[in-house]
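In this document, chain identifiers A, B, C and D correspond to the written order of the chains, with residue numbering beginning at 1 in each.
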Amino acid sequence: MAENLASGATGLHAWLLVTSALFSVGVYGLLTRRNAVGILLSLELCLNAAAVQFVVFNAVRAPARVDGAVMALFVVAVAAAEVVVAMAIFVLLYSRRRTVDVTDLTGDGPGHAGGAP
Amino acid sequence: MGWASAMVVLPLATAFAVLAVPAARAAWIRWVALAGTGAHLVVSGLATAAYWQAASPDADFARTATAGKLYLVERHAWFPSLGIEYLVGVDGVSMAMVLLTSLVIFCGVLASWQVRDRAKEFFALLLLLVTGVFGVFVSFDLFLFFVFYEIAVLPMYLLIGIWGTGRKEMAAMKLTLMLMVGSALILVGFLALWWAAGGRTFDLTQLARFHYDPALQHWVFPVVFLGFGVLGALYPFHTWSPDGHASAPTAVSMLHAGVLMKLGGYGALRIGVYLLPEGARDWGLFFMALTTINILYGAFGAIRQTDLKYFTAYSSVSHCGFVLFGVASLNLLGAKGAVLQMVSHGVMTALFFALIGMVYGRTHTRMIPELGGLARTMPWLATCFYIGGMASLGLPGLSGFVAEAHVFLGGFFGNPFAPVAWTRALTVVATLSVVVTAVYVLRGLGAAFQGPVRDPEHLRLGDATLTERLSTGLLVAALVVAGVLPGLLIDLVEPPLFAVVNRLHALPGGP
Amino acid sequence: MPTLALPELLVLATALVVLVADLFVGQVGRRQLLPVALVGVCAALGALLAVVPDSGELLGGRFAVDPLGWWFKLALLGAAAGVLALAQPAWQGDGRAGPTLANRGEFLAVLLFNLAGMLVVPSARDAVTFYLALETATMPLFLLVAWRRNAAGAEAALKYLVVGALASAMLLYGLAWLYGVTGTLDLTAMAGRLPATPAAYLGLGLVVGGLGFKLTLAPLHFWAPQVYAGAPLPVAAWLGTASKGAAVAAVVLVLYRVAGPHAQGWTLAVALLAALTMTIGNLGAVVQTNVLRLLAFSAVSQAGYLLVGLCGATRDGAAAVTYYLLVYVVTNLGAFAAAAVVHHHTGSQDLAAFRGLSRRHPLLALAMMLALFGLAGIPPLGGFTGKFFLFAVAAQADLHGLVAVAAVNSTVSLYYYLRIVRQMYIEPDDSAAPATPTGLLPGLALVTATAGGIALGVVPWFYETVRAAAAGWP
Amino acid sequence: MTCDHSAIVQHAWVIPALPLLSFALVGLVLRPLNARLAGAVAAAAVALSAALGWWLAFDYLQFAPPAEPLPTLIPWQVEWLRFQDGLRIDAGTLLDPASVLLVVVVTTVSALVHVYSLAYMKGEPGYGRYFAVLNLFTFSMLGLVLAPNLVQMFVCWELVGASSFFLIGFWYDRPAAVAASKKAFVVTRFADLGLLLAILLLGQAAFDVRTQLGASAGDSQALDFAFLGRADVLAALAHQAPVLGGMTALTLGCLLLFVGGAGKSAMFPLHIWLPDAMEGPTPVSALIHAATMVVAGVYLVARAFPLLAAADGVLTVVLAVGTFTALFAAAIGCTQDDLKRVLAFSTLSQLGYMMLALGTCGGGDPAGRSAALFHLFTHAFFKALLFLGAGAVLHAAHTGDVWHLGGLRRKMPLTHALFLLATLAIAGIWPLSGFFSKDEVLAAALHGGHPLVFAVGLGVAGLTAFYMARVYLLVFWGEPRREASAHVHEAPLTMVLPMGALAVLAAVAGFVPVSRWVALPGTAEHAGIDWLVAGPATAAALAGFGAAGWLYGGDLGRSDAAVARLGRLYGALRHKFWIDELYLWVARKVMFRLVAAPIAWFDRMVVDGTMHGVGLLTRLCGAGVQAAQTGQAQAYAAWALAGGLAVVGLLWAAGRAG
């Protein structure tokens, strides 16, 4: 892979490093942040990493077309929608549980095999 | 609709007829069931006649047949893209099994004359079950075979669970799951056979023309044999049967021990040995040894039982061991003995369970120590019990002897691919069961029916009613006829078995 | 020409109609919105059957219909109709379970938007459409799950969201890599250019992983039990049928259209995933005492079975998967419909709620039993034939071990399905619950599902047609 | 005259068919309707077949001029059971001197016993059942006698065993009777296993021989006696490779064959069932356990004689077992108190005599065979008579304990006279039948070159006379020792007449030249009475009488003194050397405790436990899966990520692989 990417513009590797780092950071945050909002932010990082990568690849692999960039736009849109939905749920949760710390939510845990919620 | 289809359609139609009986007329239910099964008995007889008419023109078809020939065949494409067909027909073996089944179900309906609780569901499920059994015996497309096979197994869960006694839920679940695991193995084998043969057909007779790679046969045969073995109560996969039979209602025990367990031997012979001769060659001796354990183990196990149903269940384990032993000995005598034993044990054990049900209905106990001296108040039941017992210990003149003699001779003449000394040794060990069987039969029956009457209450009990006399009488008559005129059955079942055996003998290293 | 997308358009239109009507009609009128939505879905269904050709393209090939996709859409619309029908009691909210949907029109709108997105998935031919369709098919579900607005629902929704977010991130990132190594977003074109390089594997693997979340493949299944149990029952049914259908469509699209040429490479992976998923699902279900959790785990195991059909990427495989999806949707709808009726009347999700059902309501119990047997794969029901064809695919790939695992697994599944049957038929009826009126629409759904389950099992036409439809596939 | 001129020879099958018919008729139809009628019909049927039996014998004896041996015919046979080509089993009637002789014995004794039972069993609840089974037995026994092949013999062999079982257990509410019937069936069954194995072994060996012979085998089937008796077949069998421990299939098979015969004929150590069998009705003991069934073993050996003769060493075993049993049983018989048990042991001892005679043929001269059949013939009559006499006593006094009886000669003069005659006959006093047959047996022993056996035989003759005289004196002489025996009355005519008939036969049977008829070719002809043998035998008998008279004739104190002097030996004899206890111990402790119980436990605990264990394991795994549902969303997410990466890894691995 490396070589057939290298055939494109130099610096691609740098860009890929950036996006990969971005994505990894996002994933890390998504798995470790205890506050739901923090998780949401981490998610945004992941999505943006992907978006950036689309743009980069577009520029390198198919500079004639813009489809990668278009994809990036849609990603942004989707991300926005995701935020809306997530926030709605957070609010609901807070009003019911007075917390948005995901580690406090141990429904489904041991002993929850039965019983109606 | 041809004869073979009628075998399946008739009981199914009867089941729906039972369901259609208006609730106000609950008494009609069992009459409808009786009429349906009675009609089936007649139709089976006619079908046998038709089969003879069709089969007799093939001059000397028995010995020269290299591929089993079907009669009264009906063939319709079903799922053509996978080569699945609706293919039903009969040959001698399936005809015999069909006759057995229709007899047992008829007597079973008679024996469950007293069922009142949710009678409609009971008879409907019973008839659905027997539909599956008939289907297995007449279908020669592996897919169809499997469909009927599972239809025959599953209603058992509800029949035992709802109308059973004792630890019925556990027994029903154990029985269903163990048999289903068996059928899972069978499915694996079927698909492997289908694909190895090109994935174009499930037709048994066509698959039989295909020569499977020995390596494939080497692993498929044990899988299929074990799969069927579970239903055939092959040691050590027999443990569903004592609990299952003990908790099942009378008619279900009759049908299950009498007919359903035969599907195991039938499939092992029909599909295992017939399609996979080389696999059979590789594994024959192993399974002979295993079934030898079956035979003695079941017999010894029966000695210590105090519950009449467990007693009979263990003796069934022993007797079904004879079936699989005959199959595994891979020669004509053994195969014939296996089929004869299927019929013989089917009738015998159906009789046993019918009688146990009748005794239980009167004394409300099946524990041998609580019984005793019943012969005084129930001479008819006692007589039938003793006739059945004599059949099960292989008394000549009753069906058991003919079958066991075949099986023993088959084992003694030996699996053609195994050192004869070994097969003989196994056979000698197996023959010990003749004595052990005598011991437990006489012990059990003696304790239950002879000696002084233990419980004075039992002195007020009556003998068999008319329906009970009819059902038990029919079964006893079948035992006697099969024992006195074995030729009838042998002529019927021999030809297809030549087809099986000829394939074995065609192998390199065969006789 | 838009007839190709007519079903999707009709669904969207219905969604808008419901949404707008909700503003004007009163509380009483709202009760009639569900039938309206149902009519709309049925119209879409009719359109699909009547006017949609079984192949064609729109938007420069970004939206296409192929014979197999047509069947997927059929399954999705059928699922939608069924779910709406079985939602009626919950919608009326006059049972012991209370007004779980609180007959608010948005519910229907959101559901229908979601459906529209799902309908597009099998037609997507480029990454953009594909991604958007998938998100549309996923995001509304978060809302629907929380619809009861109680703590349990909210908690379930949040977990669903967290896992789902990661999954969609994986999906998108994977798509980015695929785009990178092929230089195109056109899925069909990708297939040709997809190299056998680690980057390609990374992309493909992440995409499959992302989809695995929707399909509840182990180990991406953990969210399922709590979500099924926390969501309103109709939503659980929706998750168990339509959502899964869309996921299957997406997986088929990716593995067959995009990665078809590399089938050798991913067959093993798929086989292992299938074995793991069905085993985990079944084992998990064995110990459940909550019907919905049980059905959730059973859904997990069913996903495993579906995956079996993908082994080897053959035409038979595509046909078997599609066919089993139909069977699964129909059968599962039957089970959920019965569960919905019982839940509505008892307000309990516990297995014991089914106690003695066979005496209170024989036909309902019968339908439930047939549905469960269908899920367990008992002949002559569709569940059996469907599984049989799936296993046949595995056998064709000489994966006899997988066949064995799957067959034994279906025995395990039989165990827990029989636990429900036992409650309905064997346990005495000591509950004071009155005879259970089923209600018109759920009754209709039950009858249709049961009849369908049997028909799929014995009538060869369906499978043969599906297989013919799969002609174009590898 | 040849056979096809004689209707009865052509249709000899009618003779067994009649009892079978009446069994079905009585058992199914008449028994419930009218018991008396049932009995009458049963007796009539057997009487008719007895008449036919005599007619058959009469015709058959015409077939050959006195000088020549009588022919062996199979006038009728039909296919019954087709195992495979060359192993077909026919049902048929084999007529040769031995079988015809036995037909006469069986039908006659059976008919007389039927008539006797009409009165003896009067008022029993199971009257009809009794006669039905008695008919069944008669049929089976005739089928056994006429069997043309080993399998038909085995079939009827089992059937007589079964009918014997049902008759011993006739009073099924008496635990003792039930136990005795079970014991009889199981012990004989155990022996029959030997016969079964013999059939398997010989059948297989003979089948091979038949295959070698090819065309020259003709239609003869492997298990036909005709085939097994052929010289070339015997030669081929004798030259087969050994199958076990250096023994050929022939030798081993013949040994197993003899085991079967020994079981039926209650040879030591399989004798234990016969004394207990006396729990059955006395007429049954007379017919089955004295005259007919128990001699089946002897008949089997005689029938399969060519095989045994060809198998090396088997006849020696027969000789040893027979001799020992004769002495052993006679000795025990001297110490038993129950009239019927004494007779039972006497039967054992006489059967030993017959076996002994057969065993003496090892030297090649088959004279012993003729002697055995002759003794079988005479024994049937006088032993049946003894039992019927005993039955009359029981019928009158309701006890068989000789110490409770006494002085019956005045109350029951006829019975007394007949019993005395029978006693003399069995003791071998000229001119009664026992004298002649016993003489031939001893002669065979002497000329067969077995002086020791001859000496034992003489001893047994003395013991026989002793124990018979003992019971005779204790029962009929002296004074009644108990109230029961004081008020007895003579038996009714229907019981006395059959006894009379038997008495006549017992008296004259000795003059029938049986041994000449049944002699096989090559039998040394020795005319008249060999006083070298008869003299000592008679002397021994008289000595026995004398001893008994001295001990039991007058003051019984002498006998007590004698018992005291014998001491431990007497105890051992009285307890039959505790052999029954040994068997019981083996059955209870070994078979049930050490085999059956562990297996039952193993099955429930281990095998079934494993199955349940699998189920439990599944549930445990399920619990594990549930336990993984920690509720931690981020853990789920982590799993999801792992899953995705795992797929990537798998693709990668697969990609590298292929």
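Here, contacts are C-beta pairs under 8 Å (C-beta built on N, C-alpha and C of every residue); 3 or more make two chains touch, one makes a residue touch a chain.
Since this is a predicted model, take the numbers as computed values, not measurements.
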{"item": "Distance-maximising chain from chain C - centres being C-alpha averages", "value": "D"}
{"item": "Separation of mean Cα positions, chain B and chain A [Å, integer]", "value": "63"}
{"item": "Inter-chain centre distance, chain C versus chain D - centres from mean C-alpha coordinates, in Å", "value": "77"}
{"item": "Intercentroid distance (Cα basis), chain C paired with chain B, Å", "value": "42"}
{"item": "Chain A and chain C, separation of their C-alpha mean positions in angstrom", "value": "25"}
{"item": "Multi-partner residues of chain A (each touching 2 or more other chains)", "value": "27, 30-31, 39, 102, 105, 107-108, 112-113"}
{"item": "Multi-partner residues of chain C (each touching 2 or more other chains)", "value": "158-159, 162, 165-166, 198, 225-226, 287-288, 415"}
{"item": "Set of chain D residues in contact with two or more other chains", "value": "626, 629, 631, 633-634, 637, 641"}
{"item": "Pairwise chain contacts, counting only pairs that touch as defined", "value": "A-C, A-D, B-C, B-D, C-D"}
{"item": "Of chain C, residues touching chain D in the complex", "value": "158-159, 162-163, 165-167, 170, 196, 198, 201-202, 204-206, 208-210, 212-213, 217-220, 222-223, 225-226, 262, 264-269, 272-273, 280, 283-288, 297, 412, 415"}
{"item": "Sites on chain D touched by chain B in the complex", "value": "79-84, 87, 151, 154-156, 158-159, 162, 169, 172-173, 175, 178, 182, 185-186, 189-190, 192-193, 196-197, 200-201, 203-204, 207, 591-592, 595-597, 599-600, 603, 607-608, 610-612, 615"}
{"item": "Chain C-facing residues of chain A, complex", "value": "1, 4-5, 19, 23, 26-27, 30-31, 36, 39-40, 43, 46-47, 49-50, 53-54, 57-58, 61-62, 67-68, 70-71, 74-75, 78, 81-82, 85-86, 88-90, 92-93, 96-97, 102, 105, 107-108, 112-117"}
{"item": "Touching residues (chain side chain D, partner chain C) in the complex", "value": "618-619, 621-626, 628-629, 631, 633-637, 639-645, 647-652, 654-655, 658"}
{"item": "Residue ranges of chain B in contact with chain D within the complex", "value": "174, 177-178, 235-236, 238-240, 243, 297, 300-301, 303-305, 332-333, 373, 375-376, 390, 393, 395-397, 401-402, 405-406, 408-409, 412-413, 427-428, 431-432, 434-435, 438-439, 442-443, 446, 449-453, 486-487, 490"}
